[in-house]
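Quick heads-up: structures coming right below.
Next, two complexes with subunit A in common: one pairs it with subunit B, the other with subunit C.
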Partner chain A sequence: MTIEDFISKLEAEFEDVEPGTLKAETSFRDIEDWSSMHALIVIALIDTEYDVILSGTDLQAANTINDLFELVRTKQ
Partner chain B sequence: MVAASIKAVSYYLPSERLTNEDLFAQFGTLSPAEIFKRVGVRERPIRGKGQIGSDLAFESSLVLFDEHGVDKAEIDFLLFCTEGLDYKGPATACIMQDRLGLNKGIGAMDIPMGCAGFTNGLAIAKALIASGQSKNVLLQTADIPSSVIHPGDLDLRMLFGDAGASALISRCDDQFGIGNFVMGTDGSGAENLMVKRSNTRTPVDTKWLEEHKAVGGLEFGRMEMNGLEIFSFSMREVPSLVNDILAKNNLALEDVDLFVFHQANAFILKMLARKLRIDNEKVYNCMEYIGNTVSASVPIALAKASKEGKIKKGNTVLIAAFGIGYSWSGTIIKY
Partner chain C sequence: MARFSISGVTISGIAACVPKQVVSNYDYDLLNEKERRLLVKTIGVETRHVAPKYTTTLDYACAAAEKLFEETNCDRSEIKLEIFVTQSRDFYLPSTAVIAQDKLGLPQDCMAFDIGLGCSGYTYGLSVAASIMKSTGIKKALLLVGDVSTVTCAYNDTSTYPLFGDAGTATLLELSKGNQWSFDLHSDGSGEEAIKIPHGGMRHLLTEESLIERKREDGNTRSDLHLQLDGLSVFNFSITKVPKSLNSFLDEVNADRELIDFFVMHQANKLMNETIRKKVKFDPVKVPYSLSQYGNTSSASIPLTMVSELGSQLGVPRKLLLSGFGVGLSWGHALIETNGVICPKVLEI
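Here is the complex of A and B:
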């Protein structure tokens, strides 16, 4: 898995995000209209695509998309 | 081996409704369409003034007797399941025996469980029948989550509805009926979904009542949910639960005609289907006008799916429920 691949999967999952707008250093909570629903979508995406289940605590400790990517990598 | 089957299921919804329009009018944040998109619910039944879980359970049993022509004299065990019992003592099931006019020569016990209450209760009902103790068990499940939700908590208010359900579980001598159960418990997750200040450990005190005066006192306590942890728990445990149920009943995923999960929220149902790689159409969802009714959700779903023709004679149905506790369980039902 690559960070580019991870980002494009996230972009595909968020209906209101244009492809190419997210970066590794993007703080995901700053994504426009970020809500608790998006957090669930992130957990579900990572679970179904990478077979890693993040806990709520894991997600709360992460800030950027790269943090999430690293988290998935270490747990895989 | 003596087998047990779910002979009949009925439910009762209180007449008051909380709509997405009502929530938008009060909060002004999420539009009715956005609320539906998030949780898959448009309306939730809400208890009438003073109405509690056992009242809804009682009504659902009257519907059961009427709809299915059940002779209450044949009931020889009563299980009443709820997170909101009438009293700390006596058991609500004892009061219910008298209220329903059931025989005195029966056993009657409470099961204080939530989301997994129906499947847990069904396991007990089956065991009572398989052991030869009973022939006809009435399993009531009823909850009034609206009574423990802070009126300012939109996340919970958009999800939960109040309801009661009754199921008659009876002895049967053929190959149809209730299969082998898988059960699980992880109390380390208790804090992630809990009705705070609701009983002996941390009772409501005058300070609490004063603090919540503006919202009616929250005298039964307050439900608090860590949505992220509950979602993470569901995605972790439910797929294994489903696979374990299949294995324990010598079935493959394709053998199941319909999956009836606890109606937690529509997003969880969709994600479970995706993770288990099953068609969305095979995962039953009746949340739109009911919401998440805690222990009543699975029997309501079974009753509705049967009425809609989505469960037919000869079908294999997998039921699985999960949540508060954490507690989870499920089995196969052959119709």
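Here is the complex of A and C:
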């Protein structure tokens, strides 16, 4: 699993995000119109793709996409 | 482990009744157009049937039962067991099931009682009804299941308001030959906060304070008499414990997924249900959804989906996997065989 692959999977999930616009240092809450619905989408994606379950507390503690990526990596 | 099998019970018919009034999530003006589209796409709920004030679960369930008696030519004097599964009872006391006994003209030598469960209620109700029938020899039982949830959802709470719809259902069970039924039932009260109406019970009696609508940490506004739902916790519970227990249950009873005709899940949220479906490895054609039309109808969602989405397809012998999960936290699965279930079209009143 690479950060590039992780980012492209996230980009594919969000309708209004153009491929190549998200970076590792992007704060995921700054993605346009971020809502609790997106949190569910991210949790489902990470579960389906990486077999890792992130809790609400995990998400709260993370800020950037890289934080999420590292979380998934350590939990795998 | 509450995992057990019963044979010799079948479902003769199921009827469902919903309110006439339809509310569309595309009209929910607390969200902008883009947010509404994302909501419908993610949770899968387009419209919901909403009960008018003072029409209760009992009304919908009794209307469904009357339809069921008519369609199955059932002699109601033969019903000696009636169970009402609901979390939206008419009164603090007496039990809704006892009121239903009289309202439906069931005999007085019929045992009747409530089960206070929500999303997991249908599978629990089937297991209790079947167990009592087998141990007592009662030949016919009526299982009334449903909820009017919309009355407890605050309009200013986006985590609950667009999700729920109202419905009442009636299932007629009869002793029969054959038919292996297996159940797998679970509880985890440590998750009690995940889905809760905090006031109005004995722990927090209704006070003036209960009625005050306050803005919460999550940005939603509701009172303590409204339903609170921690979406992330429920989501995590549902995509971990539910598929894990389902897979272990199916393994233990040596169930061949190919031989299961339909997997009918509690209609919670499309993203969540699809995640479960993939983890339990069922083909999408075997997994019906009534979510888009009716929303999350709590305990009624499994029988309502069987009636609205499967209907006449249940008219021949079938093997069905049913799974209910949610408030409690409580979850239960049932693998049942049926010999032909009469399912009249969903009633609207």
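One rule holds in what follows: the second predicted complex is superposed on the first by the 76 of 76 C-alpha atoms of A that agree within 3 Å, B and C clash if a C-alpha of one lies under 4 Å from a C-alpha of the other, contacts with A are read in each partner's own complex, and residues count from 1 in each chain.
Following the convention adopted for this analysis, a residue touches a chain if its C-beta (ideal position, glycine included) is under 8 Å from a C-beta of that chain, and two chains touch if they have at least 3 such contacts.
Please read these numbers as outputs of a predicted model, since none were measured by experiment.
Peer 1: Superposed on subunit A, are subunit B and subunit C clashing or fitting side by side?
Peer 2: Here the two partners, once superposed via subunit A, clash with each other.
Peer 1: Under the stated touch criterion, which partner chain does A:Ala12 make contact with: subunit B (first), subunit C (second), both, or neither?
Peer 2: It touches nothing on subunit B or subunit C.
Peer 1: Which partner does A:Leu59 contact after superposing on A: first (subunit B), second (subunit C), both, neither?
Peer 2: The answer is both, since A:Leu59 touches subunit B and subunit C.
Peer 1: So, does A:Met1 touch the first partner subunit B, the second partner subunit C, both, or neither?
Peer 2: In the superposition, A:Met1 contacts neither subunit B nor subunit C.
Peer 1: Of all the subunit A residues, which ones make contact with subunit B and with subunit C?
Peer 2: 36-37, 39-40, 43-44, 47-48, 53, 55-56, 59
Peer 1: Going by the contact rule at the top, pick out the subunit A residues touching subunit C in the complex.
Peer 2: Residues 15-16, 33, 35-37, 39-41, 43-44, 47-48, 53, 55-56, 59.
Peer 1: Which residues of subunit B touch subunit A in their complex?
Peer 2: Residue positions touching the partner: 38, 155, 192, 226-229, 231-232, 235-236, 267, 271, 274-275.
Peer 1: Mind listing the subunit A positions that touch subunit B in their complex?
Peer 2: 36-37, 39-40, 43-44, 47-48, 53-57, 59-60
Peer 1: Once bound in the complex, which stretches of subunit C touch subunit A?
Peer 2: 34-35, 38-39, 42-43, 158-159, 218, 230-233, 235-236, 239-240, 269, 271-272, 275, 278
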